[in-house]
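Note that the chains take the letters A, B, C and D in the order they are written out, and that residue 1 is the start of every chain.
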Amino acid sequence: MSGQVTIIEFIITIPLVIALAIGCGGSGRGLALFAAWANLLLGAIVFAVVLARGGGDMHFQSSHILLDSPELTLGFAADGMSAILVLLTVIVTFCAVRISPQQPGKGSGRLYYVSLMLIAAGALGAFCATDLFFLYAFHELALIPTFLMIGIYGHGREKVATAWKITIYLGVGSLILLGGLIALYVQLSPTGGLTFDISKLAPGPGDHPLSAETQKWIFLPLLIGFGILVSLFPFHSWAAPAYACAPAPVAMLHAGVLKKFGLYGILRVAMPLLPEGFDAWKELLLILLLGNIIYVGFVTISQRYLDRMLGHSSVMHMGYIFLGIACCNSIGWGGAVLMMFAHGISIALLFSLCGSLRARLDTLEFTRLGGLGANMPFLAVTFGFAAFASIGLPGFANFASEITIFFAAFREAGELGSLQVVTIVALWGVVISAVYMLRAYRRIFQGECIGNLGAADLEREARLPVVLMIVILLITGLFPNIILKLVPDLVGTL
Amino acid sequence: MLPYYLEIYVVILGVLMLCLELFSGRRSRSKIALVGVAGLGLVIGLMIFAVPAPGEDTQYWGIYHYDQWAAFYKGLALLATLLVLVMAREFAPVFKHYTSRDEEASGIGEFYCLPVFVCAGLMWMSSAKDLVTIFVSLELVTMGFYVLVAFMRRNVGSLEAGVKYLILGALSTGFLVYGIAWTYGVSGTFSLDQLSVSLSGDDLPESAAVFAFALLMVGIGFKIAVVPFQIWVPDVYQGAAMPVTAFLSVASKAAGFIVLLRVVEPFLSVASLRDPVLYLIVFVVCATLIYGNLAAIAQKNIKRLLAYSSIAHAGFLLMALPAMGGSVTVSGPGPHASIAFYLAGYLVMTLLCFLVLTIVRVATEGEDLVALEGLGKRAPLLAFAMLVGVASLAGIPLTVGFFGKFFLFNIAIQNAMQGGLWIVVFVAVLGAATGFYYYFKIIKAMYWGTAADEGEVAEFKVGRLAMVSILVLLIAVFFFGIFPGTLLGLIQ
Amino acid sequence: MTTAFIILLLPLLAATTILLVTRTRPDVSAYVSVISAAVCFLLTIVLLGDNGSVGSFAWLNVGGLELKIALEITGLTKGMILVVTLVGLLVHIFSLGYMKDDAGKARYFAGLSLFMFSMTGIVLADNFAMMFIFWELVGVSSYLLIGHWFRKNSAAEASKKAFLVNRIGDFGFMAGILLLWGATGEISFSGLGQALDRETFDSTLLNWAMVCIFCGAVGKSAQVPLHVWLPDAMEGPTPVSALIHAATMVAAGVFMLAKVTFLIAAAPVAASVIQHVGALTALVAALMATQQSDIKKILAYSTLSQLGYMVMAVGFSGFVYSGEVIGVSASNAGFFHLYTHAFFKALLFLGAGAVIYACHHEQDIWKMGGLLRLMPVTAITFLIGTAALAGLPPLSGFWSKDAVMAAAQNNTLLLVVGAITAFLTAFYMSRLCTIVFFGKSRSVAAREASEVPLVMRVPLIILTLGAVLAGFKFAYGWFINPAELPHPEGALPLVLSVIGVAGIVAGYVIYSGRDKDPIRVKAFARKFYIDEAYHLLVRVFQDGLAYVAKVVDQLLIDGLIVRGSARFTSGMGSLLRGLQGGNLQSHAFLFGLGVIIIIYLITITITSR
Amino acid sequence: MPTLNEYLMVSGLLFAIGFAGVLMRRNIIIIFMCLEMMLSAANLTLVAFWRFGGGNGMPADGYEAQVLVFFVIAVAAAEVAVGLAIIVALFRARCTVHVEDLNSMKG
């Protein structure tokens, strides 16, 4: 296995090398675009190959042992779930780079592109790592770039406070997570040496080596840690302001890709390794995810600015993914993974459009906007697509994932348990999201025009990423099996 | 080659440098530093000939031990001193400003020599396994630091720091000696190897034994700056010259820790003393973590901030102590290895930060966070180096600082699972989280502070040697952060 | 069997073509759309000979869940698809004239095609999942078409309202589907039927599920209490109102209920809910219609009322009379009424559209008058449509209303409600016609009106034929077994005819020659203040709750917990920092204190043992 | 003949007096003298422990304790040398040897 360089390693290395090259004085946007194109291509290849060979197994395995005790390997591989998320990452990265300005901020803007590349590399590494340690470590790689991006290139009065908030919040979350992960690997390592290798940590068939009580208490920090990263209620208050203040590409990458890491972690680590741990906290999680869907949904309705509203909406939709996970069956997890992909693309699309609007208008406050559909038809139409995708209109992948998750919750449910009741309440979220999205659309693009008449439509170069994301949402919405086929049957291994 | 030749060579080097100082002309003073760097480098090279076999413990006259730990810490001390000399050379302009314009009267040559002597003391300390040797070598180091701290004789801060360090240091020495006396009274021996044997006797006066331990902890705790004996740290760090601060925070702490480990281990291994000793340690750990991390939040002076951070780091290091003494089985690197790893990493990242800060200090004459503002634009490489150093101090993965913390948490969590000391883990997590805040304050100042946009732009002059050091340290932070095995291999 | 798939996909192709290729050329776009509609209609005629279900496409497949796009062709389907494609085609043609000079013509026709696609999907669906998918899609196309003139605030608001109210219904619909799936593991209609035969289910669950499913129909078919969107939806272009908000989409709820009659029959409580909601809607909407002055609003309320009839009829399929469940015959009555209603209501709307077009987009009936002379074809077709709606024999409305009332004949209360509604229907339609077509012209616009062009007249005439003939056996017999229709007993048909005539006479007598409304019932005119009540409800519950949530978020979660803990931490930091006074002796003192604490702590552990 | 306890008490008292002096005197020179007193107290303790270290009131074997005492005395002398130099430098710069005046750094 080791020795040869796999395509996955290429994908992860390219942004890192490009970041280094930009840092050493290369041209920011040119190199970043090159990396984005290259990764888009490689990511598509990975996806296609995994699709062809089946998503249940690990492909492109590579490993380099870095430490013997505890066993630490720099190993990467991609099964179906990783391949889906890699594809998501490369697409969003491509779009994020593509919509980035030539000259961000005042200076040379190199830092901007270095940060973008590092965030992308962090996400890719985290999604492909076969080693618990690197799974964690790569995610953290994005922490400082995000901090810098929001602080330097962000906008709004609160950007500094927000940069702090997201950094500290995520820092705390990842420390809690780290505590949980250490407890996990210490407890689960097979006799004869500690190891970080997830496949070696996985309990074999038969009885779980840990008692239910132990699993329960290890699961808690994992849930909270991953939950903070995903903005699980009540740990959500970092997300919306951060996305509102961040430059559009960062918001796209963070809301679209990085946030999925927490969910990925739960699906990859917490649930398979600690199945009984989840059972103990299931009711709690159900309540919290209702907080995401209903409570945050209401908070979203009351937002007065587009950027904040989108931020909250992304928090809200996390609730559905958690619902899918909480179903604990392969339908639900398939739906959850599909939704991770769909939400990633759709929220990135929304944030990129929001960024374009911000560049054109003096404000994103709803009451000071109106009737823009007349003079910016392209933006109006694409925003319409994005908005309908986000509220789960059939034809878009978001709908396919939502409906899968709902069905999952009712699988063989002859009577109403807590899961089913929560799902029915969560269904109301579908109404809530329609309320705020359509209100926003109505406010911005429809009705009588209030000022900003001179604002121009989206320039031609920036249209490609927008169209690309819409097309991908439609393709995966019309043929969700492309994605679903890849989702490995993780439940079956429990 | 006999291992104690290493100390002898270092002392000879120091004497040689003093002689050079005496005979050299005005211009060549800075060459003395180069001689020191070269000499120390040579000694590090010579260490190859004195590599101890694993598990080997050679004794000389019952007071000088040479085992793998000793060798490791000796290397650490040499490396730290070498880098401090590089730093001191960069710092020379400021130094002259606060002593004398005249090279000869400024005594800068002596300023280069003193760290070398201190280094000899540090090296000796790492081989000390008996309370008398510990005491003498500790005093050698401390005395050197008294002078170093107060060296900038026209700088009020430096003098004030010197006096404070002197008085409080002497106070702690008093407690240490008193503690040694009581330990002797309880056990009848100064040797740490025999201590555990004689402490485990049936008729041990327990109260007296723990009293002696408490006094020893006072003396050693002062050196490694744990709460409640941290009080000198911020003032002294702030007042001392930048290279001295760096030296204090790295070398003094490392030496303190090896002594601490050697002293604590016999006490912990005695069943009847274990509980109170553990209790004390847990208290100290929690207090140190809380104090260091919280008090750092509001700091505006970088050196003061790093002073509190160094207190916090002492707290993290102490987390490994409760796992010692054999009642807890730890998988992965044990307490000794983890602490050694952490200290080595701490050396790399701290010296990286201080090197950058030294250059900034010379160029901007400021030591507040404001001085760093705009660094990201004016000197991207320096800013990046500082960023990496700070990130490592904060414990971001893929830097050496993360692994340091990781190994310690690894121990603490295993310890908690077996012994139930979850409070330590809890406080440490909170502490590390708080750490993000004040470390990122430095990053923030460098990258989007705006103070430096207006006004004159300071020029950064970086000597070639300093540049090379920065790059080497920078790479080391990442290298050991990704391949911790290499460093652990050196230790074990 | 691919015919059905072509019917389904052709309009989608047309819509996509317009969006991607011809959007800048409105005329071409219009023809693309019209041609696709025409082909669909032709193919529908071919399809009428087929039966059974059609090969399927596994749309979504994961872990044992299989959601299929599969088409099923039954009698019901054929009747409905005929309505959809025929009325659709006519509306397309009518629109060529009506929307001739509209700036958004391409967008309009794309929307129509999208709607045709979605509606066909609902009709052909063989399972709930597919139906739900297209259910949502018709919602969107309706949203797009109502909001066609999106720069008008009222249109933008109306489209939003329509979509949101429908979403509320869909919420229930989805819940119902899920409940059924949970209980049976089936979502296809045939599968559900088999499951129902195979085993017995918890009747509470089934009742709940059916009530939830009914919510979907309440939303889509605009039943009380979710009826509020339909009158507002008249903001859209009139042909759209004819197609979507009169003939097809709003009938989808009834169609869906008719499709699952067997489930309603098994859930008596839900069936009773359905009956009563239907009856209530029929009555309330008819009352509101009597006091409206906007020609389209009158027709909208009339649609509501008629939909109420249909729903009530379908609800009777669960009605137990002398020990037997009435079952499929009642729902057939409902569907029969749907079928005839589609013709005459589309006719009425298109007629209204012609009137509005002729009067330069004037919609207030009090500004019209005397149009019979000016536009005779429109007027006559409109009057025939009115007669059909009023249930005068032998027009189609008479037969279907008869069937509906026959289904209700064992329930006196609902029978009376139905009769009153029938009277009101005749009355308000007569009011409308009297004011619009007779008397003198009340405005310049009405005086200058002239007959509409041929493309608009032809659809009117064709629909008139439908309105006249649809009630005869040859027109419906091939999809509804006449034997399975409820048969009125005794004098019911006669009574209904008399009621209809009485209504018409009353309307004519009261309103003939009037220039303003002699009857003023504010509650009817203001729609029983339901809109206001909802507005308040939304304000209080939704926006109020949202505001509370926001405040809680900002003050409690973000303020107290997040920022509070940050403040606490830095406060503690400052406090600890304060210990560092800078004075050497206080340092020494703290040092000594530390020593004492250490010694105290260590001795206390020793002594406490 | 005094017992071990009496020696320890005297030396402890001496230590405490020294510490109290450090805390209470304002003059740095005197504080420094007090510190020397604490070291002497420690020396006394050491010697006392040696003297009674062999059991039955007999001195312990070996002379380690005395060796340490000599070291302590030597170290104290060195400390005085360094310390006084620093204090002189302070006096030259600030014209004061009072501890209250050393307060430029705090927090």
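The working rule: a residue touches a chain if its C-beta (ideal position, glycine included) is under 8 Å from a C-beta of that chain, and two chains touch if they have at least 3 such contacts.
Note that this is a predicted model, so its numbers are computed, not measured.
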*State the pair with the higher C-beta contact count; candidates are B-C and C-D.*
B-C
*In terms of CA centroid distance, which chain is the most far removed from subunit A?*
D
*If you average the CA atoms of subunit B and of subunit C, how many Å lie between those two points?*
76
*Calculate how many whole Å lie between the centre of subunit C and the centre of subunit D, each centre taken as the average of the chain's C-alpha atoms.*
95
_For subunit A versus subunit D, what separation do you get between their C-alpha means, in angstrom?_
64
*Interchain centroid distance [CA atoms averaged], subunit B/subunit D, Å*: 26
*asked:* Please output the residue numbers of subunit D that touch at least 2 other chains, ranges allowed.
replied: 19, 22, 102, 104-107
*Note the residues in subunit C that touch 2 or more other chains, in rising order.*
577, 580, 582, 584, 588
*Do you know which subunit B residues sit against two or more other chains?*
163-164, 167, 171, 234-235, 298-299
*Give the pairs of chains that touch; include all such pairs.*
A-B, A-C, B-C, B-D, C-D
*Once bound in the complex, which stretches of subunit A touch subunit B?*
23, 66-70, 72, 74, 107, 110-111, 136-138, 140-141, 143-144, 147-148, 151-152, 160, 163-164, 167-168, 171-172, 175-176, 178-179, 182-183, 186-187, 189, 193-194
*Provide the residue numbers of subunit D that touch subunit B in the complex, in ascending order.*
8, 15, 18-19, 22, 28, 31-32, 35, 38-39, 41-43, 45-46, 48-50, 53, 60, 64-65, 67-68, 71-72, 75, 78-79, 82-83, 85-87, 89-90, 92-94, 102, 104-107
*How about subunit B: which of its residues touch subunit A in the complex?*
331-333, 376-377, 380, 384, 387, 391, 396-398, 402, 406, 409-410, 413-414, 417, 425, 429, 432-433, 436-437, 440, 443-444, 447-448, 482-485, 488
*State the interface residues of subunit A toward subunit C in the complex, per the touch definition above.*
165, 168-169, 234, 236-238, 295-296, 298-303, 329-331, 333-335, 371, 373-374, 388, 393-395, 399-400, 403-404, 406-416, 420, 423-424, 427-428, 430-431, 434-435, 438-439, 442, 445-449, 478-481, 484-485, 487, 489, 491
*subunit C - residues contacting subunit B, complex*: 569-570, 572-574, 576-577, 579-580, 582, 584, 587-588, 590-591, 593-595, 597-599, 601-603, 605-607, 609
